[in-house]
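Submitted below is the structure of interest, expressed as structure tokens.
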């Protein structure tokens, strides 16, 4: 049992971990797939009143591993690769330590499988537009064509690099073939740059939003504007430098050390450390509890609406 | 024109295409928007296969054999065959479009949410425990002077104590704003709540102020890309 | 308990586990209590949520669609919560036959949303008003998603926008684009760094965990209301920790240093201090020990049998076995 | 409409145009700007300078082209700093599959830059290792804390003259068994991946952060709670670090002035080989222009509001 989900370092194998290409492994893969399909069809016959329990059961089991991992006593600084556990408690703790990884990755793998659902939805919307010759159907066509081209050249490029390039020649541009050029032009030349363009557009929006919102209308708007202005002034290194030169001059001429506290960097740092940090912390405390409570409700199947209705 | 110049030119056109929405939503923008969405969809497919499904699932399931330059094959990792059960479970998600069996899509969803939920217990204290501790600041000064140039370890100076007190006040007053199920009555509590909102606003202003830099950095970099890398480097540079 | 000897709650010490379990108890206990009483508890006014009906009303008058975006986070509590709130919005919108658009950035969230929205329409007995395209997947990629949603906002001229969930940098793109066509916005991000942008550009903003309180506020379901009360208890607990912490810390820092904490090479010990008289520093206090448990030398060295299967460097194994 | 009312309602597109023109113009003016580095950036410089000789540094590089403006400057500075100290490093990404490629391109550029300056050329497998991308930051960082060898098991690296070898045989990682053996872990990120690293690893290894201005505020609580030993935030952080590299900390220049002061702290040398003032210096001046424009816009809006309110019977908006 304890070998389940655990790593067997090759050439060693165990029941759960078989060497690549062996009959044992292929039987396992096919067998597990068939079991999965049986589960699939078996579940589709389940009567309505039991469905909820099945969903809640799956959710609970998936979360249980992590809860146990946190609550199970684990010895400090033990290295169970080199040492044997002294007793069953340690043994189980050691198993949890290695089992956590494959279970955690399951979430990613399942989410990746579900991606097709999204792509299907996207394609459906646009293919329908083209079929109905709806307004702007030409743009839908552009979308579909560009996604297909990107996918083809993306896979082509990946395939060349992954399987047909043992010496990694393709890392330098001199050895590129047609597919690599197209992939690079589409991905690095277009896609990534459009990403950066869209992101940088926020700078324009920040200007118009600040212009509109930062007016002295209420106490709240005013204090927000004031603290934003102080922080923005502090971003200007040239200004902070001149300011601190002036403050230092004052300190020298008056001999009052307290004045150094009015250095712009000091004021901005103080504002951040004693206003921004605790304010964020207060929000995060609340949000953290919200997430914990929601997590508990989801894990135990207590959420009525949404997922486990 | 070199390949680099072509690539940069494409990039600059795409940038202008998206920027045009700042003026108005036109067919020019729509054209680039749909290319962008298409490329993103195609790329997501490729990336999901090569970065998640292939490396985290396919290779883990079937194992990996390395062949060295002189043709000796060694097993790099074993095949973990049980992972193949994930394919049918993933398939259940697609039942969302079925009128009769749509409930089955909740099984993979439930597993993903279960895994997320299970981690929250540990995450909670690991994140907030140290933050609670670092909020437990001393407020009673040990000496009534300002912080000297060479502070003595263990001494708490008056100005630092005052700052600590302000920190704690900000934290608690802002936190009191998030009490939902208690009716705050009386001058002190409602006052605390109002102060809490003001403190939050000061904090938000500070976040706004410090984020501005990040946003401007991006637009500066984009302009540098257009003028320095494309115009100066690729077009006028004559490469 | 001999078999537990030397076994420790690793990083956190007992205090962390105790506090976590206490909070879990608060939440579960209050849920149980609220289930009994029916959840008739006070919840303070949340302005952003009262605006939902106005926003839907406006969209209905103008005959334009309502936009809902659950952020770009992966499928987790935030996305589920956002979809739960949107279910409430959709319920009202369905009654007025106002068209909705729910744009998702994750296929997993899309699956949940599709399921929930269809349920809402069928529970209202208005399955004919439901269109499978009301819920759309746009893109997994953050800014492609932003570009796509901006396009939808501008082309469909949405009258009301609900931006609730995990928003990151794209928050301002949505908010300003909506503002430019005069759409009414109700927004909230669990990312505290994005809240200021929503405040600057949107009409109504949910701050912090007002977002989590929303479904309890809107539905008054006993489980949610109970959980909210439990969270409030936990907030009081955290406030108490901070208050006690700073009081005890203040008192302790006045005391002279007698026993000093020394952290070296991953282990710590308390050692009598016999130098020049000085006061305790933060790390010598009891409060510090509570949050940063002492991991002593003996906890750290436990003799175990070497693993016969271990095939690492032999030297290391030998050295370990000989020690 | 009076002029004051107009000032309150300038068309957003005019603002956008002014910003684009000003920023473009700013890029063609280069001046060196004196500054006061933030304590958090200075602490990061000090922490990196304090890494013992011969220790390996772990870099988690979680940025892509979309935050090039800030993160590329951070990453370039980090590489120049580590290379000038001859420290070996591994890098990987746990946030974005594209991130390793961007890091690789930048690294290749810095190696070439140093080669052109006649400095030591870093070699893959010998001085650094490229681990690529790990899906699921949560699990990756958790496993790195529990068992580094297991978390990175099966990873191989190219090495000149030796073909592909296991990463554990390379000089970079041969003395690293668990994460505690690393000199420091530095997360260059544009996302919340730093939160995960801190939650999972801060008790085991000294963590430094180089983050964008947006992520900055969320990291500062970690810095204040000493869970992170130094943070360079945004473009100012890029320039701060360049400034520290060029001037040292508490170090007197020829005129006896200390440009970067850390009251009561140790003296840290400046970097004498390779570039110090680079991308950060170029962008920082332009930032000043953009900020002045923003502040001006806010001030004009308020002046307009105040003046039109004074007029009796003026409409309020």
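When the chains are written out, they are named A, B, C and D in that same order, and each has its own residue count from 1.
As a convention for this text, contacts are C-beta pairs under 8 Å (C-beta built on N, C-alpha and C of every residue); 3 or more make two chains touch, one makes a residue touch a chain.
What you are looking at is a predicted structure, and each value in this text was computed from that prediction instead of being measured.
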Which chains touch each other through the most C-beta pairs?
A-B
As a test of understanding: of all chains, whose mean C-alpha position lies farthest from that of chain A?
D
Distance between chain A and chain B based on Cα centroids, please, to the nearest Å.
7
Chain A and chain C: spacing of chain centres that average the CA atoms, whole Å
14
Distance between chain centroids, defined by C-alpha means - chain B, chain C (Å):
13
What's the distance between the Cα centroids of chain C and chain D, rounded to whole Å?
27
Residues of chain D that touch two or more other chains: which are they?
12, 16, 19-20, 66-69, 98, 135-136, 138, 153, 214, 217-218, 221, 224, 236, 287, 290-291, 294
Can you tell me which residues of chain A touch two or more of the remaining chains?
9, 70-71, 81, 104-105, 107-108, 111, 114-117, 119, 122, 193-196, 198-204, 206, 208, 210, 212, 214, 224-225, 228-229, 232, 235, 272-273, 276-277, 280-286, 289, 291-292, 294-296, 298, 307
Using the touch definition from the top, which residues of chain C touch two or more other chains?
11, 17, 20, 23-24, 75-77, 80, 108, 111-112, 114, 138-144, 147, 169, 192-193, 195-197, 199-200, 207-209, 213, 228, 231, 235, 238, 266
Determine the shape of the graph in which chains are vertices and touching pairs are edges (line, ring, star, complete, other).
complete
Inside the complex, what are the residues of chain C that reach chain D?
11, 142-143, 168-169, 180, 191-193, 266
Complex contact set, residues of chain B against chain C:
18, 21, 25, 29-30, 33, 36-37, 39-41, 43-44, 93, 96-97, 102, 105-106, 109, 112-113, 116-117, 120-121, 124-126, 128-130, 132-133, 135-140, 142, 152-156, 164, 168, 171-172, 175-184, 200-201, 204-205, 207-208, 211
Chain C residues touching chain B - in the complex, by the definition given at the top
11-12, 15-17, 19-20, 23-24, 41-44, 46, 75-77, 80, 108, 111-112, 114-115, 118, 132, 138-141, 144-145, 147-148, 150-151, 154-155, 192-193, 195-197, 199-200, 207-210, 213, 216-217, 225, 228-229, 231-232, 235-236, 238-239, 241-246, 248-254, 257, 278-282, 287-288, 290-292
Chain A residues touching chain D in their complex are 7, 9, 79, 81, 97-98, 100-101, 104-105, 107-108, 168, 192-193, 195-196, 198-200, 203-204, 206-208, 210-212, 214-216, 225, 229, 232-233, 235-241, 244, 263, 265, 269, 272-273, 276-277, 280-281, 284
Of chain D, residues touching chain B in the complex:
13, 16, 19-20, 23-24, 26-28, 66-70, 72, 97-98, 133, 135-136, 138, 153-154, 156, 163-164, 195, 199-200, 212-214, 216-217, 221, 224-227, 233-236, 263-264, 282-283, 286-287, 290-291, 294
